[in-house]
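Sharing a structure with you now.
Labels run A, B and C following the written order; every chain starts at residue 1.
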Amino acid sequence: MSTLNPARTAREYPARYRLEAARCEACGAVSFPARLVCPACRGRKFAAVTLAPEGKVLTWTVIHVGPPSHKHDVPYALAVIELGGGVRVTCQIADVDPAKVEAGMAVKLEFRRIQQDGEAGVIAYGHKAVPA
Amino acid sequence: MSVGIVGYGAYIPRRRIRLGEIAAVWGADAAAYERGLELHEKSVPGADEDTITMSVTAARRALARAGIDPLSIGAVYVGSESHPYAVKPSGTVVAEALGATPAVHCADLEFACKAGSEGMFIAAALVKSGEVTHALAVGADTSQGAPGDALEYSAAAGAAAYIFGAADLVATLDAQVSFMTDTPDFWRREYMHYPRHAGRFTGEPAYFKTTFGATRMLLEKTGLQPKDFAHAVFHQPNGKFPMRAGKQLGFTQEQLETGWLSPWLGNTYSGASPIGLTAVLDKARPGDRIFMVSYGSGAGSDGFVWTVTDRIDEVRDAAPRTRDQLDNGKMYITYGVYAKLRGKIRMGE
Amino acid sequence: MRDVAIVGIGLSRWGEVWDASLRTLWTEAALAALDDAGIDHVDSITVGSMAPGLFVGQEHLGGLLAGELGMAGVPATRVESACASGGVALRTGFAEIAAGLADIVLATGVEKMTDVSGDDCTAALAAAADAELEVFHGATFPALYAMMARAHMARWGTTREQLAMVAVKNHRHGSLNPHAQFRQQITVKDVLSSAKVADPLNILDCSPITDGAAAVVLADMETARKLAHGRPLIRIAGVGQASDHIALQSRPDMAAIPATTAAAQRAFKMAGKTPADVHVAEVHDCFTIAEIMVLEALGLCPAGEGGRQAESGRTALGGALPVNPSGGLKSKGHPVGATGVAQAVEIVTQLRGAAGKRQVANARVGLTQNMGGTGASSVVHILEVAP
């Protein structure tokens, strides 16, 4: 069961392709992706910002049993990453020996293929972390 | 008006497979291949890498060196023979990821290993015409050779991106030529997974004839001699061909070496001579003149003469250097993993 | 607000029940609860179910199941809060009686999980995580809890062995429960050497895929006293629920479950009790790390001490505070939508003194904690033997 409907995929481009986020004009908290209400102060006015693609690993796991979408990619590392300014993203760490991943590890985000809707459907691109 | 390169970037995947690893599977003489082709290992894309992802990363690196607003990019050309979609452009993804949409002309190009330089040719001409302020040309491939075929030893993955403009150049484009004939040395028919090639017909009557043709055309047009260049880059389907062609044309080992990556990279097809040029720009000094001739089966060559400007020293370190990507952080894989990553294993539904 | 008691409890067959459909399982549990209460009518039905649409292609469970029970006409509502669906169905039933909308409510939960492949089951469960921020990138539930485990280990020094001890304890409890899906005892070594799922969690750190349904009959106190049949009357003394962002990354401290803390505080306040008053607890040990973090979140141990609870024996049967005497989700099984109700069934059984070999001596106050996702939906109930 793929969730890669083309419209749904395209709608996420600003965040997935360009790391576009929104900074709350009231409290300065950055939301990624952009949203209508600031979760920190419920502000509703935002300025567009782009995330810096460098950060560090906060917590991680190495997945040995993957979901159908990533079944053949195991073992792969998944992490919560803190980017500059404290913004967090959850994504895979690619091009790394999963056994070498550790908290605090410096990473940068690179444009990668994340999922595809089978051999004939759309390809969904986004970012993965790689060792900095 | 002087046009040229305002920013350049390369991307080489980290995975490698050694020639001996491939040869062992097919019972081939690895040492003979390494000697005959001057080829030792090649890059392999991860399951999450394709022509589009490599193009985006290379283009972002070009953008970092160019230091321009992506919205000033009026044209995006992605040259490849391994576009992830048969129908639906790679270039639209690249332009979207860079933030260059929507006022941008976009085309995917294909001309075997020449599709990258083809985009450079068009991009430069478009800037020169005044139609666009900046134009992006990318050469990228994740090419495949049929299992056991000679091409399997060389077909590699990588990308190079160039942003052309008329101001703040890191290299001026002094001349460009194109030499083309219909030569059936290598092809892939629609719906076919692997290409076919014409064996030894791919050598003298194709690669060498076309490369020599474009070289002579370019030297004649500029009135320059091989000795007038600091560096020369030729298409590199293996380690041997570009060295042999260059030397026969009067270039020295020293002139050829800086952009000669194929012995440890393999043939990156549309990325091959463009990535070679990035390695040269990483090393070149202001005032250096660079000679470049691509080759694409089918067959044609694009030739360029560049002169490096003072600005090269300011932008060089704004993105990873090509040799560093080639030499460092390598992840060696087995043929089994290679077969899995390259979709050579028949999977269940 | 009216007081509410639990007057009937029932479970369906539990485990991989190949010959029973969702509706059959649910009806088994509903009939058992009605029979236990000695009644044949209810004023309202609530059904907790996480993803019947994905598991068996069936939504609209309220009407479907009321009809199955021969009770078409009764208000029947499905509620969904991922794996907390059962607990929320219980709270919804409580609220209907407390508000005076109904005098007797059949609060239920059900999940039929084995009619899909393992892949489809993984994908259905993953729908409880953030589809865009987590699942898109290849996250699974074991992976999200593994990241919580790593955070807890880094913050508090919790060890891999301490995680394993939770599974060992709960399997020992489950071995005493005839209703448990996995009744074999296991060792720390078994857990540590079992197949890796999402490092540091192995397969024996994970609750299984289970078919099952659970039901309780709720009644206002006046009605309840008529239905006690000489058994201790079990009152729902406190109810608390809370939410959080569902993406783990949004939680400032990924080694904590603040929604469970908030739910517990509300429940304890309503009950006029403190964690020290609890004699027995059924908590949401979907993964071993979950029980550790939940005990801290509930205030049943200090923050950072969760890893030592199973290790010291405090939370084992015979310890000061037995946790998951049923075997928990780990050993008893985890039909996701049914779990929150099944926890209440166990606590009622304990407070009635009817738990047989796994009976917690002199248990008069019990707690259930049920959560969805990585804890973004948390619901806590405090049950006591009514005076």
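The criterion applied here is as follows: a residue touches a chain if its C-beta (ideal position, glycine included) is under 8 Å from a C-beta of that chain, and two chains touch if they have at least 3 such contacts.
Quick caveat, the model's predicted, so the values are computed rather than measured.
Central chain by Cα centroid: A, whose mean Cα position is closest to the mean of all protein Cα atoms. Inter-chain contacts peak for the pair A-C, counting C-beta pairs in contact.
Annotation: 30 Å between the Cα-based centres of chain A and chain B.
Taking each chain's centre as the mean of its C-alpha atoms, chain A lies 31 Å from chain C.
Distance from the chain B centre to the chain C centre is 59 Å, each centre being the mean of its Cα atoms. Taken residue by residue, chain A touches two or more other chains at 73, 92, 114, 128, whereas all remaining positions touch fewer.
Among the residues of chain C, none is found touching two or more other chains. Of all the residues in chain A, the ones that touch chain C in their complex are 1, 3, 12, 33, 39, 58-71, 73, 75-76, 78-80, 88-92, 98, 103, 114-115, 124, 126, 128. In the complex of the two chains, the chain C residues touching chain A come out as 54, 119-120, 122-123, 126, 131-140, 142-143, 146-148, 150-151, 154, 195-201, 245, 247-250, 254.
On the side of chain B, the complex with chain A involves touching residues 14-15, 46-50, 52-53, 56-57, 60, 84-85, 93, 96-97, 99, 329, 331, 340, 347. If you check the complex, the residues on chain A that touch chain B are 13, 17-18, 72-73, 92, 94-95, 97, 110-114, 123, 125, 128, 131.
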